[in-house]
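In the two assemblies presented below, chain A is common to both, partnered first by chain B and then by chain C.
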Partner chain A sequence: MRTDRLYIGLGKTLAVGLVLIWSLLPIVFIVLSSLKPGVEIFAVPPKFFFTPTLEHYVNLWEKWGTFFQGLFNSLVVTVGATLLAVSASAAAGYVCSRYRSRFLTGSIFFLIVVRLIPPIVVTLPLFPAVNWLRLNDTHIVLIVLYATFFVSLGTILMRTFIDQIPRELDEAAQIDGAGRLTILRLVILPLAAPGILAVAVFVVVYAWNEFLFAFIFTATRAKTAPFVISEMIGSIDGVDWGVLFAASTAQLAPVLLFVVFMHRYLVAGLTAGATKG
Partner chain B sequence: MSRIDDFRFTRRALLGTALGGAAMLAAPRAFAAGKTLNVLSHKVHQTVLTAGKSGDLLEGWRKANDAEIVWSTFDSNPLQDRLFREASLGETEFNVGFLIDNRPTAQIASLFEPLDDYLAKAPIEDFKDIAPGLVQAMTIQGKLIGIPVRHATQGLFYNEALLEEQGIKAPPTTLEELVEQAKKLTFKSAAGTPVVGMVLASDLAVFPVMFARAFGGDYITKDFKLVPEPEAMEKGLSVMKDMFDAGALPRSYATTSNDDQVTWLQQGRAAFTVLPFARNAQLNNPQQSKFPGRIKAVEFPISSALKGKMPMSAVVESWAMTILKNSRNKDLSWSFLREVSTKRATLGMANSGNGPVRVSTYADPDFAAANPLAAVEAKVLAHARGAFPPFPEAARAQSIFLEEVQLAVLGRKPVKQAVADIRARVQPLLPA
Partner chain C sequence: MNLRKAAEVLPFIAPVQALVLGVIVIPSAFVVWMSFHVSSFGQAPQFVGWANYLKILTDPAFLRSLGNTFLIVLTAVHVELLVGLGMALLFASGLPWRRYLLVAVLAPYAVSEVTAVAMWRFLFDPDLGPVTMVLQSLNLPILDWSFEPSHALIMVGLLTVWLHLPFTFVILYAARLAIPKDLYEAAFIDGATRLQAFAKITLPLLGPAIVIALLFRYIFAFRLFSEVWLLTGGGPARSTEVVAVYLYEEAFRFNAFGTAAATAWIMVLISMLLAAGYVLILRRETAADAY
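So, the complex of A and B:
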């Protein structure tokens, strides 16, 4: 019996260890390579012990100034898309939770359908439209697109969170003379804060890393960091791997830290409503 | 009461701030200069013109024209994709676009301004000095649509240190010698690194085309003859298969990419590869390469049967500058094209690693002295031509070609059968 438990424990540890290696190895490789001298990055046999250097970060700063502009653009777009998606999702989630009608049922179905559409399908027909609206290469186009693609999931998540808030609280506020907007602002949203954070985590991770829309709809002014990294990979005069890994680390670090700090909300978002009923 | 308490976060303020912020983000950037020229290019074009060893080659032009240049840079394929999309719109902000020579079909060429009239009214300095083959590649249905600005001509790179280690005194002068040396150079080096004779990417048509040309064959000629000499293609693929069987091409051949060629040569994991001469600086970069100064290049050798009878025709890819037909301010764009095409700018770009399109640049003594490969590159360029001509189904045709080549090299299909299948499958894709 005791031996069985030991084996099960060992098996679990081994399984977790393997999953960790599988998930973390690429990240560790990127981060370590960004600190290795260029000659040693692809050395055979690989070098695990080396003198760390910041030369690639210096080169990144000197040769790829556009990358830092890209990071700033990513930040603007991520913040904008998150605010827009969270606001719209919270309002829509509230309506879907508290009202019932055929129109709303249809709307929710439509939201799910939107989620199923591959982004590439809408990008190319959108290109002339965005160009006609003079929104090409602006932050706004990315903010709106990223928010649009997440409002569906955000609404469903928020509805699940708001469903768990007793309706009696709405009714009590209503008796005190509060309107719908006041109820949403002062009663529902504070109680649904974990849901808002969960939606925000999803949107931040998506908007920070997204490439396709940025590639199609931006060129210079609103170019995001993943787009600049793609240029480094495709350099026709050769890839400077050290600089590429330094840029990847700089791109990866903020979102990684954000997810580490917010992971419990991410889990809450993923399991919202799982035990309902 | 503190000042913070006086602050009211009203809906009106929130809406106003949001709309104001949105307007600021949407507003186009204002430039100090009077005019703006929007250029769609690869990063490398921007670098050699503005931030290479020769410094900012366009400073004078910008001042003279009171113009600012806004560069939008993309990787090669995305760049072409974006360029064609922008050129297909009713109107575009982009003025100048950089175009690869194997892309302009008749339909694509119609998206760009014919430049013959501009050339007649305000000629480019010594236009005949620009390599005629490159100009020809940008002349579609009799109309010049692009001014060549860069070429990448393929050469045979070798690691001199590894050759010496195996007692080989000189690089090969025939294809047969290359195969023999590559087999000899498949060994474990003194440093303990397993070395393969040659590393080639399997996802580019360049390499099988070079091997076929070494026997006098080709893939698709300029006048759309498909595999004009099947026996030459069979010989070329047989040589590659023979090298693979002997381990002189890596076991991972089917997944080897262009970037692997560079890193394998830099790390001493391969003795030979085929790359554009312009990669010389990167291959010998002491910060990346274990063999700085020891990686050299020669012309890709022709087979012994043809040596001295005909020149080896290496593969070349070139870039040209175009003016988008749906753009504004075309005179400013032409002025830019003229400036970039001057002898001064061509030499300046060449000193920063750009493959020069002018014959006279190779004759410049300072350039020749600073660039050890200048002479051989000029010689190879004289007979070089594209891997295949542009046509609408070129991408699919290349994909089929590479699939059959891989099957043949890996021994999954007899070489003769693979060549026959290339002919049968690609023929329907060629223009009538």
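So, the complex of A and C:
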């Protein structure tokens, strides 16, 4: 029995080790390599101890100024899309939670069906339409696109979270003469903070990382960081791996820290989002 | 619902519905119209019936992209499911520092497809990559993904699994934690073995979560674009294209919006078919809690 337990313990340790290597090794590699002196990036066997240098970041700054503009564009688009998606979803989720009607049931079902449409499909008519509206290569296009592809999940999540807030609170506020909007703003939203954060995590990660729409709808002025990195990968003939790693690390670090910090809400959102819609 | 109530509800739900209608529903409906027409710059669109559909369904490049997509989706999603299930059971069996391990496992969720491609290109670089070096020193075959189409598809599959394992894992792990402990206690008192407990309790109770995780992943994996586009660009000679890459090339490289639209609708239809079962289950549930 005791040896049994020993084997189980060993097996588990091994399994955990494999899981960690699989999940973290690529990330660790890219972050460490961005700090390695140029010649040591491809050293065999890989060096885990070295004198860190910022030379690749300096090169990135000097040769790829567009990357930093890309980071700024990503930030603008991410903040915009998150605000739009969260406020639209919160309002819709609120009434879906508090009213019961055929119309609302129908519209939730409709939102679920819409999630099935692959984003690339809408690029075909939207590409000429966006050009015609002279909105190509602007932040607005990406903000609206990113928000729209998350409002259906957002609404369903917000409804699930708001369902847990007792209705008596609404009713008490109503007796005090508060209107629907005031109730939403002052009573519901503060209590639905975990739901808001769950929706926000999804939108932030998506908007910060998205490639397809940025690739199709932006060119120079609104180009996002992932798009700039894809150009670095594309110029592969003489790809400067050090600079590519520095850019990847700079793009990855903020969103990775965000997810680590918010993982509780991410898990809550993923489970609620999958089981409720 | 009476009119006064409707007037109260509408402003709240209007922003969401306006976004979804304007950006997704109306454009998608317009794609149907596009798929029955040919047009090029400066010319009026011309109705061609089913010609666009016929054209792509007889195009070897399209059929190959469809085949590649199914191959990647079916293998990657099922590998994800098996590994995710194993990890969920491992985590549920009690681990020290579980919270930190959970965060580590979630990390790839934060990584963009672009950055992930940069990482994996480096790790598996056929000449210099660290993983290639390790494989070579162990006398194992390496992934020559820049020349060999089948190796490129394996790379895409690995990348897909890496990026999406956190999702599958979280769904299954949450479902596993929701199974009451006393079920296992009762089973072990009755003399059940671990294997029996797994087969008679864990697996059946995880059933719905497994179905949901699978369907979600089928539908989302079917959209696969960036990984392929950034790794191989569909090449060499269009041999590693997937459906979304085929669509992109038709529209934005060959300027053939008609056939691209037909491809788009085939994508929508396949997604709908994949989801039909799921939607049916869901409608029963939303209808049930509506009253």
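The working rule: the second predicted complex is superposed on the first by the 248 of 277 C-alpha atoms of A that agree within 3 Å, B and C clash if a C-alpha of one lies under 4 Å from a C-alpha of the other, contacts with A are read in each partner's own complex, and residues count from 1 in each chain.
By definition in this document, contacts are C-beta pairs under 8 Å (C-beta built on N, C-alpha and C of every residue); 3 or more make two chains touch, one makes a residue touch a chain.
Predicted model only: the values in this text are computed from it and were never measured.
Chemist: In this superposition, which partner touches a larger number of chain A residues, chain B or chain C?
Modeler: Tallying touched residues of chain A, the top partner is C.
Chemist: Between chain B (first) and chain C (second), which, if any, makes contact with A:230: first, second, both or neither?
Modeler: In the superposed model, A:230 contacts both chain B and chain C.
Chemist: Name the contact category of A:97: first (chain B only), second (chain C only), both, or neither.
Modeler: A:97: touches no partner chain.
Chemist: Would you sort A:160 into first (chain B), second (chain C), both or neither based on which partner it touches?
Modeler: neither
Chemist: So, does A:240 touch the first partner chain B, the second partner chain C, both, or neither?
Modeler: In the superposed model, A:240 contacts chain B only, not chain C.
Chemist: Per the contact definition in the header, classify A:55: touching chain B only (first), chain C only (second), both, or neither.
Modeler: first
Chemist: Determine, under the contact definition given at the top, whether A:82 touches first (chain B), second (chain C), both, or neither.
Modeler: The answer is neither, since A:82 touches no partner chain.
Chemist: Between chain B (first) and chain C (second), which, if any, makes contact with A:34: first, second, both or neither?
Modeler: Neither: A:34 stays clear of chain B and chain C.
Chemist: Please indicate which partner A:221 is in contact with in the superposed arrangement: first for chain B, second for chain C, both, or neither.
Modeler: First partner only.
Chemist: Go through the superposed model and pick first if A:42 touches only chain B, second if only chain C, both, or neither.
Modeler: both
Chemist: Using the superposition on A, tell me which residues of chain A are in contact with chain B and, in the other complex, with chain C.
Modeler: 42, 44-45, 127, 230, 233, 241
Chemist: Report the residues of chain C in contact with chain A in the complex, numbered from low to high.
Modeler: Touch residues, chain C against chain A: 1, 5-6, 8-9, 11-13, 15-17, 19-20, 22-25, 27-28, 30-31, 34, 86-87, 90, 93, 95, 101-123, 128, 130, 133, 162, 165, 167, 170-171, 174, 209, 212-213, 216, 219, 222-223, 225-226, 230, 244, 247-248, 251-252, 257, 260-261, 264-265, 267-268, 271-272, 275, 279, 282-283, 286-287, 290-291.
Chemist: Give the list of chain A residues in touch with chain B in this complex.
Modeler: 37-39, 42-45, 55, 66, 76, 80, 127-128, 131, 134-140, 215, 219-221, 230-231, 233-242
Chemist: Could you list, by residue number, the parts of chain B that touch chain A in their complex?
Modeler: Per the touch definition, chain B meets chain A at residues 22, 25-26, 28-29, 40, 42-44, 47, 70-78, 82, 85, 89-90, 92-93, 152, 192-194, 259, 262-263, 266-267, 269, 278-279, 281-282, 285-290, 353.
Chemist: Which part of chain A faces chain C closely enough to touch in the complex?
Modeler: Those residues of chain A that touch chain C are 12, 15-16, 19-20, 22-24, 26-27, 29-30, 33, 42, 44-46, 87-89, 91-92, 94-96, 99-105, 107-114, 116-127, 129, 144-145, 147-149, 151-152, 154-155, 180, 184, 205, 208-212, 216, 226-227, 229-230, 232-233, 241, 244-245, 248, 251-252, 255-256, 258-260, 263, 266-267, 270-271, 274-275, 277.
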